[in-house]
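After this come two complexes, each holding subunit A, first together with subunit B and then together with subunit C.
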Partner chain A sequence: MFKRLETVSQDVVIIVNGAPVPARKGANLAATLLENGVMPFRFHDISAQPRAPYCMIGKCFDCLILVDGRSNTQGCMTAVRDGMRVDTQRPCKDREA
Partner chain B sequence: MMNSRDAAYVVIGGGLVGTALGYGLARLGHSVILLDEGDRALRASRGNFGLVWVQGKGLHKPEYAALSRRSADLWPGFAAELKEVTGIDVGHERRGGAMIASSEAELEGFVTMLEQIRSEAGDTPYDYEVLDHRGLEKLVPGLGPQIPGGTFSPYDGHVDPLCTLRALHDGFSVRHGKYVPNCAVTAIHPGESGFRLETAKGPVMADRVVIAAGLASADLAPMVGLNAPVRPVHGQLLITERAPRRLEIPTNIIRQVQNGGFQIGLSHEDLGFTTETRAALMRDIACNAVRALPYLGDLRVLRTWGALRIMTPDGFPIYAESARHPGVYVMTCHSGVTLAAAHALEAATWIAADGLPDEARPFSGERFDVQAA
Partner chain C sequence: MIDDVVDLAIVGAGPAGMAAAVTACELGLSVAVFDEQAAPGGQIYRNAENASNASRSLRQALGPDYLSGADQIRAFRACGARYHPRTRVWDVPEEGALAIVDDNGARLVRTKRILVASGAMERPVPLPGWTLPGVMGVGAAQTLLKIEGLVPDEPYIIAGGGPLTLLTAVQLTRLARPPKALLLTERVNDYLHAVGYLPDALRSFPLLTKGLKWLRELKRCGVPVVRGIEDLRAEGEARVERIHWRRGGQPASMDTGLLLLHHGVTPAFELAAVAGCETVWDAEQAAWLPKADRWGATTSGGVAVAGDAGGIAGAAAAALTGSLSGLDAACALGRIDRTERDRRAIPLESRLVRERRIRPFLDALYRPPLDWRRPPDDDTIVCRCESVIAGEIRAAARLGCTGPNQIKSFTRCGMGPCQGRMCAFAVAELIAEQTHADPGQVGHHRIRPPVKPVTVAELASLAGIERLAGRRSGLLKGGGT
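Moving on, here comes the complex of A and B:
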């Protein structure tokens, strides 16, 4: 769905739902995930509906995702770090306490 | 409006107390108009904690302890009724509740208080358990190491207070009550047959009037020979992001709401008529909560808000009918959530029976008529 206009060097690897994904250090995490076809980011805590980024500027809180085990992390406000573990977030009743 | 008689009953106040009484009266088949203020009203009902609580209530006032208990006992059936009538699940749970003591001295205070309430309860059972750290930790897993213990009561529970307010409003309408928002009452005139109310939307006529206007009751009650000296007590609350279920029972300072967020509270301040929030207070409340449940430290706080609780001079409800103008009542209290079931199912029948019964007498506003020396 999303395609880069120009190629950038990919200097790190992040782990998305257990699989290695090449990425650029410091890049926008939500953009990186969209580029790699990660969809959805999470399932809503109450409705269990699939959700994905909408505003990409930190306002809509729809890009929430698990980052290194930390729930409800805003993907669009997070920079890529080497070795970062990113997982699709299940509704809270299905998550481990 | 402007009819010779608009309704048998006018209830002033669209919060938890007014809607519960309005619902109860409409449920009995009476015609009821509910006059409410607007969205900017100092509405305690939109800012409360959501406990249906018995533990510790009614020290030196066994009638209040008994009323709280009766309402808590009525709540399961009342919640089921609201679900049936409105389709709204108010999320009522009753698995008991715990008071978390922050120090040995506080724990001692809890125990002294509960012992006293039990001794004043006479033959009525008043169960509670005193728990050391280990005992409390079984009920409240993840308890902070500095917490010495607490107490547990099987009578306590909790509910979603916003869903409850919504369900009471919907239920009132389903039962043919008429709700009028943005309709503050400025005067109540007793007439030869019934009462004439001056409101923001013109005059309203009713046979009987119920003042259930929270803090505004203090101004309205004296218009008809009643006394309701309520004052605002500010409380600030926090709610965290949603998290997996971890806290199975509500406590005096923290409860996990149905959707997974942790609601944190328990501040009491005299700030006047403001619902402002303060960062320093938020920090103190959060620190206190993390000391009780360290795992909360990993959660994000989503919102904080201030609310004004209604406080009578002794903390107990005021239920009274005017002696000078029979047919007008004042009904106000601190615990609109806990008492909602009793208000709807019991207190509404008191009002409908014309004249409050003996069991309501201990709650008359006359107890404040004599000035403190």
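Moving on, here comes the complex of A and C:
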């Protein structure tokens, strides 16, 4: 969907849906996922429809994703950390223990 | 921190907040600036500080206006204000207090005065299929370009109206990624209405010609520009695959995996509202604004507003209103007298008049047409969080719901995590349509703390929470009125 114009040093690895993805430490998580074709970010809690970032500035709450097991994390407001585990978020009825 | 009182607490480190901080610090105030992003600049100058590391072609595409943000950021960094990045302000629990949350949890900040410089957001305009992955704001795509140097890697379409549609199309075209088409909502009638403001707009000639230049550049590069589009909708399964629209009654469609929408920007006034500032409906901007005087002082004691949060006027005007608010804060705290404040304000206000001249023209030309603000198709999702469709809102309004708060109780529209930011305009417009009222009379959702998400764990960490108990805060009382 999006690609990077210029290569940057990818100094960390994050785990996206179980697979390693090289990334830049401190990069915007939502942007990193869009660059790597991660789509959707979540399935809507009520409709189960696929959703992905809309506003990229923390307003729309559609980039919510599971980060290190924490649900409803705003991808566009999160910085990449080494070893971060990111998973597509299922509707809440499917993710209860 | 709780007993550490600053003179001025500024919320937002965009052009308004940065300029206010610089002015206030110069005049001897102790200033703290809170911003939810990792670096100063606001959305307009997002990541501008690092632009010098970008390639020449990217810098050229982003343009001199954006690059000039680096100077403002440098001045802000050097001004002596205490800058708190990655910090969300979620309540003004009482006069002179801000409730904030950062990586260390929640806490209260004491301040003599508050300046809300929270900026703007792209106006959400619901249309069928706008929740599909691959449908995003034009501003969102521009943000990806600014922060990570990302460009669309497949054919994409830009639709809507406003200067940002043209600017972003031009930026991406200069990077050899032109849109497949530029679909504009503007109609002949909008031009006729806007022409009335043209004499004033002509006096800000450089701004006006910038838009025309961009349009010429796009046409020269072979970007198809279609005006007067109606009934835009997106369809697809896992993501957008195809869009349809009408023009002059004729249907048209195009395949695309990426649709970028834009309909201007609207003030982010939630924090001002939760601070008790009275808001008014501005029919020209079709938006709610905090009521404020020439210094940005609101109806709530000790709370001022600056920049686009107080009414959309652009980055240059934002910096000027920020400086004016900084002067007024210094005056209120006795650092300068009124005569000195007024003297220093003269050059700022005359520049502000120039900057604002083009606004009525832009407002008239780019205010989304009524059939865009009031989604005609009842199946259109209006509330993205709770999946509430336009038909449900119309039905509730016909049943007698007179305002967004009742609609919320009936349908859950506006009850999700975005707290109504994405649906408030459409809800007010749909109620207005059904009750033959004006969106200003309909009003907006009652805005309650926390205006930014706070977890229970973060709340539990709030130092001095007992001091809040029993006060006006909705924090512990559930916000009921």
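To be clear about the criterion, the second predicted complex is superposed on the first by the 96 of 97 C-alpha atoms of A that agree within 3 Å, B and C clash if a C-alpha of one lies under 4 Å from a C-alpha of the other, contacts with A are read in each partner's own complex, and residues count from 1 in each chain.
In this text, a contact is a pair of C-beta atoms (placed from the backbone, for glycine too) under 8 Å apart; a residue touches a chain by one contact, two chains touch by 3 or more.
Since this is a predicted model, take the numbers as computed values, not measurements.
Contacts of A:Q89 after superposition: neither subunit B nor subunit C is touched. Of the two partner chains placed by the overlay, subunit B and subunit C both lie in contact with A:I46. In the superposition on chain A, A:A27 makes contact with subunit C only, not with subunit B. Of the two partner chains placed by superposition, only subunit C is touched by A:Y54; subunit B is not. Of the two partner chains placed around the shared chain by superposition, subunit B is the only one that A:S71 touches, whereas subunit C remains out of contact. One of subunit B and subunit C touches more residues of subunit A, and that partner is C. Shared contact residues on subunit A (touching subunit B in one structure, subunit C in the other): 46, 72. Note for the complex: subunit A touches subunit B at residues 45-46, 70-72, 92-93, 95-97.
Those residues of subunit C that touch subunit A in the shared complex are 36, 38, 43, 54-55, 57-58, 121-122, 124, 130-137, 139-140, 143-144, 147-154, 175, 238-239, 257-258, 268, 384-387, 416-418, 421-422, 453. Across the complex, subunit B meets subunit A through its residues 241-246, 259-260, 298, 300.
Note for the complex: subunit A touches subunit C at residues 1-6, 8, 26-28, 31-32, 34-35, 39-41, 44, 46-47, 49-62, 64, 72, 74, 77, 79.
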